[in-house]
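Below you'll find a set of structures to go through.
Okay, so chain A shows up in both of these, paired with chain B first and chain C after.
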Partner chain A sequence: MEKLKDALDFSDFSKAERIGLVIFSVFLLVFPLLGAGSFAKTVMIQFLLFSLFGMGWNTIGGYGGQVELGKAQYVGIGAYTVALMMVWWRVPFWISMPIGILIAVGYSFIIGYPLFRLKGHYFAIATICTSLVLKDIFDNWNLVGAAKGIELPIHDHPDFLYMQFKSDTYYYYFIMALFYIGLFYMNWFRKSKLGYQLRMIKDDEDAAESLGIDIRWCKIKAYSIASAFVAVGGGYITVYNLYVDPASTMELSLSIKIALMAMLGGAASLWGPIIGAAFLVPLDRFLGSWLGGQKGLTGIDFMIYSALIIVVSAYQPRGIWGIIEQFRKRGH
Partner chain B sequence: MLIADALLQGILMGLLFALVSLGLTVIFGVMDIVNFAHGEFLMLGMYSVYWANFFFHIDPLIALPVSAVVGVLLGLASYYWFIKYLLRGPAIAQLFGTFGLMLFLQYFAMFLFSADYRMIDKGILVGKSLSVGPFIFDWTKLAAGILSLVAFAVVYYFLHKTKTGKALQATSLNKEAASYMGIRTDRMNAIAWAIGGGTVGMAGGMLVNFYYAYPMVGILFVMIAFACVALGGFGSIKGVFFAGLLIGILEMIFPVFGHLIGSDFLGPHFKFTIVYLAYFIIVVVRPQGLFGWKN
Partner chain C sequence: MSFLTVENIVKDFGGLVANNNISFSIDEGEIVGLIGPNGAGKTTLFNCIVGYHRPDSGRVAFRGKDITGFKPYKTNREGIGRTFQIMKVTTGMTVLENVMVGAFCRTNDRNTARSEALDVLGDLALDGVKDYYINELPIAIQRKVGLARALATKPALLMLDEVASGLNPTEIEEVVELLRRLNSAKKITLFLIEHIMEMVMKVSQRVIVLDYGEKIAEGLPADIVKNENVIKAYLGEKYAQGL
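== the complex of A and B ==
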């Protein structure tokens, strides 16, 4: 009960932020009723999905300050668990998704234990390596469809058990619900003991250790929470696309996108990943369809995208939220 | 027989891997930065020789200095226009910054050159081979190996015998103390980036003789380079040389073993998986690498 109260309690934010949250929530709720086209809906779904990913990454990458670049492997685990259980045993989504989370968390403990002996660059590269190893295995494993991936059987009628719908509106509300669960969880997390411990570790590991914090265990816990988050997103991707393959769920670029959105928005802040996703997903999509589709302009969308990363990392490493806070301080 | 052949081919590949990794380890040693865009320097080195060959019909071997110059300029430009500013921020921003640079160069190449796979098919060395007893070596790979040895010798001489090289080493040992001694550390960083870019550019110029150039080619080689640098010990020149050889041999010999025991799991699909796994195991078990001294 106490935890639930903490999760729903936004009172330590400024008034502007709380009003912003309410307006944002109302907008999310009525968005499908505004008569938006299917393209806009896809963009919104992607935005909510990547916000969810980013919030997960924020636990270990933002609050914990560990540069984690291998989240895609857990997206893949979540996605493949749902897909395989559905194809092999016709297990409903609501059973296979929690199992996917459990597998992701279990796997993250196994990987995390050796991984968190490492720091800084060593750690960052090692996370990429683990993710690529898993992708290579899935790319060549015939049992799970290898590089071709697996297609889910499509049901004739909308089915809540398997989360299959004809209309994107249902998928939209579903991911929105997941997004809010994630948001409330993160709101609790930042005030939890682990949240404070992680921030202490980020500021000064030696000091944290001298206060009796088990650094490695804290990091592993945060890492597995992050993995659970992205595994949920992975399960969602499966039922949304009705198709899963290593290229769309385990690619290195997905790991990078997840981390970048949170970083760009502002790591270690509740709003950061949401702002980052709100900024980059539409940019990515619109640039992609507007510029990338034209002949002779392939790649220019990502050039703009990465130029943005370059500028932000050089001038405001705390991201867009850092810029906002800077302006706010100047205002006072 | 098969194994001996794989061993020799592995050594040749390993020399090239070592050359690719040389710049990465120099940059890391001097300024503690991991350059994710290193593979893209390689890619642009490949393209520079390819286009010199395509447009001006310069032989790929003679066009090699072009790729070296392109590499040096890239290194200097990235340092002065970008990395310098990154140094003020936290480590996380540095990682993402070079990551951004990597993406930018990849898509820049895609924009300019399209995603086509390109390889040089004519040249003094291309397609010719040398047979020694039962073994057959491609001249292109032999030349790459020789170039790698020369490059290592030059860089080693430069670091240990020249005044600038010693200043560079002093900077890598202790930046602050070095700057008190009147060493301009800013310039030392730039020199490290120039060396890094130049050597990897040349490696690219050699590689394009027997490997396809395409915008995303860098990521594969940068991962191999990370494994080499980690195995050699971050910042160690001697280490990265032997680590490159070892990784080259591993990469060639595993598929052969797999072939011998009839297992698909060690097959060619997985040869880079082994490299990633090797990196992971090395840094967890022995973070200082074979010859490293930095923690």
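== the complex of A and C ==
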């Protein structure tokens, strides 16, 4: 009960932020009714999905300050669990997704235990490596479709059990619901004991340890929470695309996008990942489909992307939200 | 059974013996000072007790329990708090949040942690700065925040690494008062490293002196100032002979 109250309580934010949240929520709610085209809906779904990913990453990467660049492997675990259980045993989404979360959490403990012996750059490199290894395994594992991936059987009728719908609107509201669960969870998380302890670890590890905090255990816990978040997103990708392959769920670029969106928007803030996704998802789409498709301009989207990251991180390491807060402080 | 027992601690940093065979014990309720010239091995000794370093040999026991080689978070849960000589100037958390992290050591509930943290801040007269970030505060207040943070973990033994360095005489006077109060009212045993002799001699009931990693003297403050070895260590051979 107390936890639920904390999750729904936004009272420690400024009035402007709360009004912003309400307007944003109303917009999200009525968006499909505004007569948006399917492209706009796809972009919005991507935006909500990446906000969810970013919020998950924010636990370990933002509050905990660990540069984690291997979240794609857990997207893959979530996605593959749903796909395989569906194809092999016709298990409904609502059972396979929680199992996917459990597998992701279990796997994250196994990976996290040795991983958190490392710090700083070494940790970042190791997270990339574990993710790449898993992708290579899935690329070559015939049982799970190898690099070809798996196609899900398509149902004739919309099916709530298997989360198959004809219209994107249903998918939109579904990811929106997941997004809000994520947002409320993070609102609780930032006020929780673990949230405080992680911020202390980020600030000063030695001091954190002197205050009775088991640093490694805290990091592992946060890491597995982050993994659970992205595994949910992975399961969603499966039912949305009705198709899974290693390239779309376990690619290094996905890991980096997740981390960058949160960092660009503002790590260790509740709004950061949402702002980051709101900037980068449309930009990514726009650059990818328009500029990336032009002859001789392949890859320019990544260059613009990187330049943006460099500029923001040089100017304000706390991201776009950091810039907003800076202006707000000056205004006072 | 004594409160804190340190037996034959040796810490060797690849040829530089920072602590050589140091033994002593502290009783419950005491205030003990640890002094010595720069590089004498005082902070190393602290780190060996608290667990940042694992001693090469020797034993540390706290309240009858062998805690040698325990990690710092474990020694903290056993009831040993410590402050740092250099407080990292951080921008991520306010003073209140810092102290709350300390209180979270003994509770899982945020409201309990918050009210305990406010109690500690009130006790140290820090309520006025509770919403500031550490980097916005003068050094004397930063030190006090470090102390408040450690106090919030409810230690039975508090180890203070140079709480008074960089403070002016009035501030030192306040710290001395504060330490005495913590010791008498809250029954916290204090073990402090200090460079400012005036302060150590005033506040400590007993003083241990280190030089080049060895314990060269131990006794009442009044005796320590007359101890030949101590004078030699601080002022050099010539002065000791000239006296």
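We take it that the second predicted complex is superposed on the first by the 332 of 332 C-alpha atoms of A that agree within 3 Å, B and C clash if a C-alpha of one lies under 4 Å from a C-alpha of the other, contacts with A are read in each partner's own complex, and residues count from 1 in each chain.
To be clear about the criterion, contacts are C-beta pairs under 8 Å (C-beta built on N, C-alpha and C of every residue); 3 or more make two chains touch, one makes a residue touch a chain.
Nothing here was measured: the structure is a model prediction, and the numbers come from that model.
Novice: Per the overlay, which chain contacts more chain A residues, chain B or chain C?
Specialist: Of chain B and chain C, B contacts more residues of chain A.
Novice: Regarding the shared-chain residue A:N140, is it in contact with chain B (first), chain C (second), both, or neither?
Specialist: first
Novice: Going by the contact rule set out at the top, does A:L132 touch chain B (first), chain C (second), both, or neither?
Specialist: In the superposition, A:L132 touches chain B alone.
Novice: Of the partners chain B and chain C, which touch A:M263 in the superposed model: first, second, both, neither?
Specialist: After superposition on chain A, A:M263 lies in contact with chain B alone.
Novice: Look at A:Y305 in the shared chain and tell me whether it touches chain B only, chain C only, both, or neither; answer first, second, both or neither.
Specialist: The first partner, chain B, only.
Novice: Please work out whether A:P114 is in contact with chain B alone, chain C alone, both, or neither, and reply first, second, both or neither.
Specialist: After superposing on A, A:P114 lies in contact with chain B but is clear of chain C.
Novice: Given the touch rule stated above, what does A:S313 touch, chain B (first), chain C (second), both, or neither?
Specialist: The first partner, chain B, only.
Novice: Taking the two structures together, which residues of chain A meet both chain B and chain C?
Specialist: Common to the two interfaces on chain A: nothing.
Novice: Give every residue of chain C touching chain A within the complex, in rising order.
Specialist: 50, 52, 71-73, 76-77, 81-82, 84, 87-88, 90-93, 97-98, 100-102, 104-106, 108-110, 113, 146, 149-150, 152-153
Novice: Touching chain B in the complex: which residues of chain A?
Specialist: Spelled out, the residues of chain A in touch with chain B are 61, 65, 67, 114-115, 117-118, 120-122, 124-126, 128-130, 132-133, 136-137, 139-140, 252, 256, 259-260, 263, 267, 297-303, 305-310, 313-315, 317.
Novice: For chain A, which residues are in contact with chain C within the complex?
Specialist: Residues of chain A touching chain C: 2, 6, 191-193, 196-197, 199-200, 202-204, 206-215, 268.
Novice: Once bound in the complex, which stretches of chain B touch chain A?
Specialist: Contact set of chain B toward chain A: 28, 34, 82, 85-86, 89-97, 99-104, 106-111, 114-115, 215, 219, 223, 226, 230, 234, 264, 269-270, 272-273, 276-277, 279-280, 283-284, 287.
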